[in-house]
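Below: a set of structures, written as structure tokens.
You will see two complexes here that share subunit A, one where it goes with subunit B and one where it goes with subunit C.
On to the complex of A and B.
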């Protein structure tokens, strides 16, 4: 048996560098094993599952309104995406009409969230690069978005805007709020273009990120990478094009060709003006009327699915309804396939670039730990 | 105030340990030290990822079973005197992840934090506000500075 194993292992790589579960280079707990030969990474293995808290198990059997607000606690960065998608599943299953004004407010919140998520990515990326000044600058403009989110939702992180049939009454956008959002968008647009210009024209940064952590288009498609990670390899894909809520808005899908850290950064930087464009269109054409449709009745429904585009890619929620309670809940977040793809992006590069190659996909390990595999021994 | 306390008051190093929460508190704490709006660095509070140079340990999250042992090891690696701050609803009492089980032992969650390591200051909130984090650090400071 042992001899068979030796036959199949053509080359034994001896040096192994392990990081995690808690490590100074990685903020979130996860485990990376890098197999190194002459300081070049030959193989990488990322282990997730440390954060598993079993939120689907907790959601099982809860009333659907409670279960929806629980999905927010999956992720503190894209919390609005989770609650929005979860509410969409219930609306689709029961067949509830959502007022147009509520749909516009949801889109505005989602795009604000995309802004703060992408800025966080840029700040985190700059920190991993070792450029703390840029990290502070991106945190500085991100604060504008956080203030807007607090103004609308009442909380800086988990704002719970969507409810079944519309949005919470607190999140109504009056004249004052619309004015403040417009002011915030002006500030962000001015600053982000200035910072992006400085970022791209800095030869040291460009030398550090060009050609590092390359994921080819073929690999990305094969490994089912989603969202900006897939777009950075030149595939023009955006689920927002197919979503009903985004029908009234015009925006461009940003793609880059190289699939390296530079492309990943640029895709996110260039998506920020697009998000601002969508928010401005939504504010210009904000329809009047009610924001909540309360005339619906709970009924049983079979398993219903919903996909939406969130800052990191494609998010999937599905559950069925029994006596107003959630059953068979499944959640799949975009980071799981993106992190899997990053195992290949790190290979072939210097060991100092491994961390950069892994964080280029904007990994969110707390989202990722959704399912566990039970192995019978 | 001894010489050690005098110098320690001018360089307080905060270490953040993330034990399986939702990222919300985590980013707010980094935000409160890094972002120019809150900028705790102007009060000589610095963020570090090395337990051996840390004075204050900030723990977020409900402590999943996998994170229990690393958390104890990190706590033991911090030199005396030290202060521990549990930040956020999950770290205080397990949040939505723990309370759903009541007193039934959970399969995933080992926390809350004060079951595992002694906690000196508790900061509530879901997610914690950056202002509250600063107040929490200030509340724990007498422990550090009055130590002999």
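On to the complex of A and C.
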């Protein structure tokens, strides 16, 4: 047994249940091996890397603008986070000043994305719980955010808002758009708080999520958990506190103490009003002026790194520039660092709760699935 | 009643039952649940009529099973056992006294339940297969652990459900027996025609509640869908069924809904299914009410794991026992 008496050291366990890589119950291509004894999970292994798309490799040698656009294709949920971080790398490497108005618009987009990502999490979590009605209702509320994103970016999934030096001119926020965002925030705030209240006051749901998938603070740190998964164990960490773009805004870092499914759900539910708070502050104090700085010249740069806080945790992008082209690109999504936490959280629980324990960490295996491992046999 | 009349009544009742039952899954899952979930949902005929028709015209593939012929035969056996249950509730067959007793009813219901266990143990879905090289190299923490299939787990769960999950339904079946002091359906129906329906007594009301929970458990409906929950890693014993065999499953489920309603009307209202009587309408109405109630309940509850399942079954069984005690008062 390990230090928490949770994971077993035994070489042979009663039964192995394998699911995936393609399974009708799994949305994404990943493989779970659950080692069970009398339907209790004693160990778990999650394997990704099956759906390798090689985006970093495709980015190698591409002009930086094109490479930035390509990063949006990494994930259909946090596409804005990827392009923003990728653009930040170029801006940092070349030393480009971004107009303040553009910074505000980027923050608004990122927080809108956080809203829809968290609502997707709540909907998916409800679905895994078997509560289809709540899942449908969360999707229904999420539609408001999706429409706002479509209004700003012209698309529901890949918005293409950030470009080097600012944001695209078509993504400018005029009075009409600002009004619509404000109305949207009012609707979401009212509905999400109502549903969240119903969700946590439902005894059947609470019975399913309390004490399930527990991750201790010590283990979360040891396993390099990140984002809301880490915050659900009581660690007060949020990279937005250190990001220059978020300096003008006041918001609380939400934490919970138990590290179980309930805490994970609550962290994300309570982050929704905080995101709305940030969006409202940004709209209230939206500076005037340009949204794009075009007075910059391309130059070579060594490997430059950028970390930002995205809905699932820390996102890392780095590359160097050579004749305006991307070299040595590395991208690390939060889900890859959360995999250890997912495996750990599933252990010690009934197999029916294993999927829930994995989902509580909000995995996005498709955007994680870029790395390839070559094995010599 | 002549033999010919009886034959016509039996065949006619079966046809009516089949015609009604094909609409029930659509009413339950798509019509009621979709409205609750604020979505349009597919047409009401989709789940019970159009889906089986579609599957009948699909190409049959060999299931990944050690005994494919037996595996494919199981849905038909399941359908036949449900059909026999309906037959024995019909008043025309009460002449076969031992056959139309509560014991035969329980036996046939048990066959229907046991079939899920066989289905699970005979299905070896390709979805559970592991790829040898990456497994050995990437994982290798427990390389010698014996591998199981998801359906084997379903089979184990089906066994557990047979052992404890069906308590409420069978306890509820014995409430009218205790009240009428007869194990024969003819005796139970005759008692109620003289003394009024069992349902209109305290024991009957409690028994009906317990019966309804048992009905949901037998149909593996949310929140009691642990046997084939999609939210879990389990897809259930039905995973390897394709084409017409999947269609048989769909038809059997709808038919079972009707048949359970028919058992309820026979035991708790004293109204057996009979085409030559207006009371067949009561059976049809009950057959419609049960799925609607079930759809409402399942729309507002998550799937229960054993942690919630055991106390629920224990609690409902206690109510059932109280109902039996109340029936002696």
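Worth pointing out:
Definition applied: the second predicted complex is superposed on the first by the 362 of 377 C-alpha atoms of A that agree within 3 Å, B and C clash if a C-alpha of one lies under 4 Å from a C-alpha of the other, contacts with A are read in each partner's own complex, and residues count from 1 in each chain.
Quick note on the criterion: contacts are C-beta pairs under 8 Å (C-beta built on N, C-alpha and C of every residue); 3 or more make two chains touch, one makes a residue touch a chain.
It should be emphasised that the depicted structure is a prediction, and the values quoted were computed from it without experimental measurement.
After superposition onto subunit A, the modelled positions of subunit B and subunit C overlap sterically.
By the touch criterion defined above, A:53 lies against subunit B but remains apart from subunit C after alignment on the C-alpha atoms of chain A. In the superposed model, A:157 makes contact with subunit B only, not with subunit C.
Look at A:350: by the touch rule set out above, it reaches subunit C but stays clear of subunit B.
Touch criterion met: A:136 reaches subunit B and subunit C at once.
In the superposition on chain A, contact is made by A:43 with subunit C only, not with subunit B.
Partner contacting the larger number of subunit A residues, of subunit B and subunit C: C. By the document's definition of touching, of the two partners only subunit C reaches A:34; subunit B does not. Of the two partner chains placed by the overlay, subunit B and subunit C both lie in contact with A:22. Put simply, of the subunit B stretches 20-28, 38-46, 110-118 or 128-136, the part that bumps into subunit C is 38-46. For the contact definition in use here, the residues of subunit A common to its subunit B contact set and its subunit C contact set are 22-25, 136, 140. Of all residues in subunit A, those touching subunit B in their complex are 21-25, 27-29, 49-55, 58, 70, 73-77, 79, 120, 123, 135-136, 139-140, 142-143, 146, 155-158, 364, 366. Residue ranges on subunit A touching subunit C, taken from their complex, read 10-20, 22-25, 32-36, 39, 43, 45, 47, 126-133, 136-137, 140, 204-205, 207-208, 350-356, 373, 375, 377. Those residues of subunit B that touch subunit A in the shared complex are 16-28, 30-31, 34-37, 49-50, 62, 64, 66-67, 70-71, 74, 95-97, 100, 107-109, 126-127, 129. Within the complex formed with subunit A, the residues of subunit C that make contact are 33, 36-39, 127-130, 133-135, 137-139, 141-148, 150, 153, 156, 222-223, 225-226, 229-235, 239, 299-308.
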